[in-house]
């Protein structure tokens, strides 16, 4: 079943996130001057700790976000709101950086004066609703999403953070398509996982 | 005159940007254990190079952006489009990070398929128009802006980059007010200046 | 007793390290243009997450290292080697970054081919000895240290890491003084604590 | 001739450094969900600005340092001290980060109270001597070096800086070999070049 396979994918994502460690490579790294002679380079191992963010990690984190959104939708349909909420909490705790103190999150459809969601509670309410403190929220992740396509216009990797900008194209179970303009910033945590510390999503401007 | 004073402010901003250097402090830093005796700590200077971004630098960079927008509007009105374009180019070259290769820029009012402006030319066209390659652009900075108010919801400083999210409230010469949801990411350059490497601006969602 | 007060200090250090969180400030941050009129700036709070390293954090981390060295010496004398080893393990786990995969550690007195200690075991052996895998190590932290004075020549804060270079002057219980040239690099972890990821210590050159 | 080839290599290094730009890649990056159907992913380019430091860049910067040291020696022998000094100045200006305000530099053979060289003048004096402000310096780079071998024990890449630790083995024209324990920290500048901001070199400890 497609739903199951997506859920398995999400489980793998969450499991991986808990065991992932920093990027640690031990590689042979004899760096003797190959142009020279007379000095024998003893074989040697160099320990490399590389905390720089790669483009591949960024794409994987985006993909995980999309898969998580679909998984919350399908979990809601097959297991109900409590299961969906539990999954949403797991996703937020694995994929966002609220433990750093706050996340700069402007979801697509929020309204003043609750446009910005810097707290975990505000993010959860947006995704699954049901929080009287955020009465307008109906649960964006519950809208029957089936597919998330990501088209990056640009990726800017600056040290230990990476930022992406582009379109995210959401398709629901009825084939309805919504395109948003989306920016994400990721920070690599101590375990080597990318966490969203900024998320600005908006509908395209229509004159 | 108000216009003149704002222009002086902008000139100062641009001049400052060219001479600004890295944050270099030389401070007395005898760190002898004050609880102990028997060891005389000779007086000493510690050279401190601090490339971390401060909140004050972020606020100043935001303010400079707002002042620059107003200055382009008033320059346009008093000196015409060529002077406005020249000033806009100066502002882009001082305040944005196109020299790093690209900027992730989603202006408020752009349309598909030119929504995102990763090049300097695309940014310039958005601000002052007149570029046949961007035929829809009429020049956002030419719209008679008189005041820019910035209300930050959050600031996230992560090493050598800082990100802000919040509302920017623009007032034009007729008192018309436009509020946008805006995200900026700044990177500190070699000279210690903050440069915008990400700029996502959007109109508030209306159901 | 002096020994007790130093130990209390270390306990505070270790306790603090476990509860410390990221730097999270909520401050009033109305940034209305004070030069303008006509727009009322509503009062507002800005959430600020600041992960930049400050000079004060660097000095505190250095001081904690010095206090820990003295504490291991005095613990060894009053409670024996097992207590000293347990404390050394605590110190390494709190103050070094071995959990990132490796630390670049060149202690003062190590010998080829075990000059460099990239593993936690190698660091522990250097500080308290007793590891047959490092047979030369006698336990540097067991040498009766009473005072650690730090004289920084320079501090370079670059984003989320900070590096220091200067002299560290160690005094033992007999008043013997040893001066070393020392470099440390610190990385701020997810909890906001500085961890040593580089430590190069060497005796001054003597012709 | 070997000398010429090394000099050509250095020239290439210096020339490259002046024109090098940030890492800018334009790559096809359609990220459509290949598991799905029904949505056509239009072809698309993603602009990627990647300022993260790679292991390869670190090794190249180390190699350039070694080549530069040999080049200064051979330039001194074939063209004299003025040419050697001019080359040393070029090397310092290209490979070190004094323009950030200071470099944390502890050369191998310096003596108290001039052990640490945080200024460009102090670095130049160490490499080529002849500065009355640094009367002990005889010019380390003038000692007839012919080969520099680098054996990294560890490399730690943390965002926009990278640190290395290991042995550097220097061979002079008479075949004499000197091994030092060396730590370097590199910072990527606005043009994408790695610059040394920390350099701690010491002779191995001998009991």
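The letters A, B, C and D name the chains in turn, as written, and every chain counts its residues from 1.
Rule of thumb we're sticking to: a residue touches a chain if its C-beta (ideal position, glycine included) is under 8 Å from a C-beta of that chain, and two chains touch if they have at least 3 such contacts.
For clarity, every value in this text was computed on a predicted model and none was experimentally measured.
Q: What's the minimum number of touch steps needed to get from chain B to chain D?
A: 1
Q: What chain is the most remote from chain A, judged by the mean position of CA atoms in each chain?
A: So the farthest one, by centre of C-alpha atoms, is D.
Q: Chain C and chain D share one sequence, so how far apart are they rotationally when you fit their Cα atoms? Give it in degrees, rounded to a multiple of 5.
A: 180
Q: Taking the mean of the C-alpha atoms as each chain's centre, how many Å separate chain A from chain B?
A: Each chain reduced to its C-alpha mean, chain A and chain B end up 27 Å apart.
Q: I'd like the Å distance between the centres of chain B and chain C, where a centre is the mean of that chain's Cα atoms.
A: 36
Q: What's the distance between the Cα centroids of chain A and chain C, rounded to whole Å?
A: That gives a centre separation of 33 Å.
Q: Can you tell me which residues of chain D touch two or more of the remaining chains?
A: Residues 47, 49, 51, 100, 102, 118, 153-154, 156, 158-161, 166, 197 of chain D touch two or more partner chains.
Q: Which part of chain C faces chain A closely enough to touch in the complex?
A: Interface residues on the chain C side: 21-24, 47, 49, 51, 99-102, 118, 159-160, 189-190, 197.
Q: Residues of chain C touching chain B in their complex?
A: Where chain C meets chain B, its residues are 29-33, 36, 38-39, 41-42, 44, 46-55, 59, 62-63, 66, 146-161, 166, 169, 171, 175, 177.
Q: Quick check on the complex: what are the chain B residues that touch chain A?
A: Residue positions touching the partner: 100, 102-106, 108-112, 115-116, 118, 153-154, 156, 158-161, 163-167, 181, 183, 185, 187, 197-198, 200, 202-205, 207.
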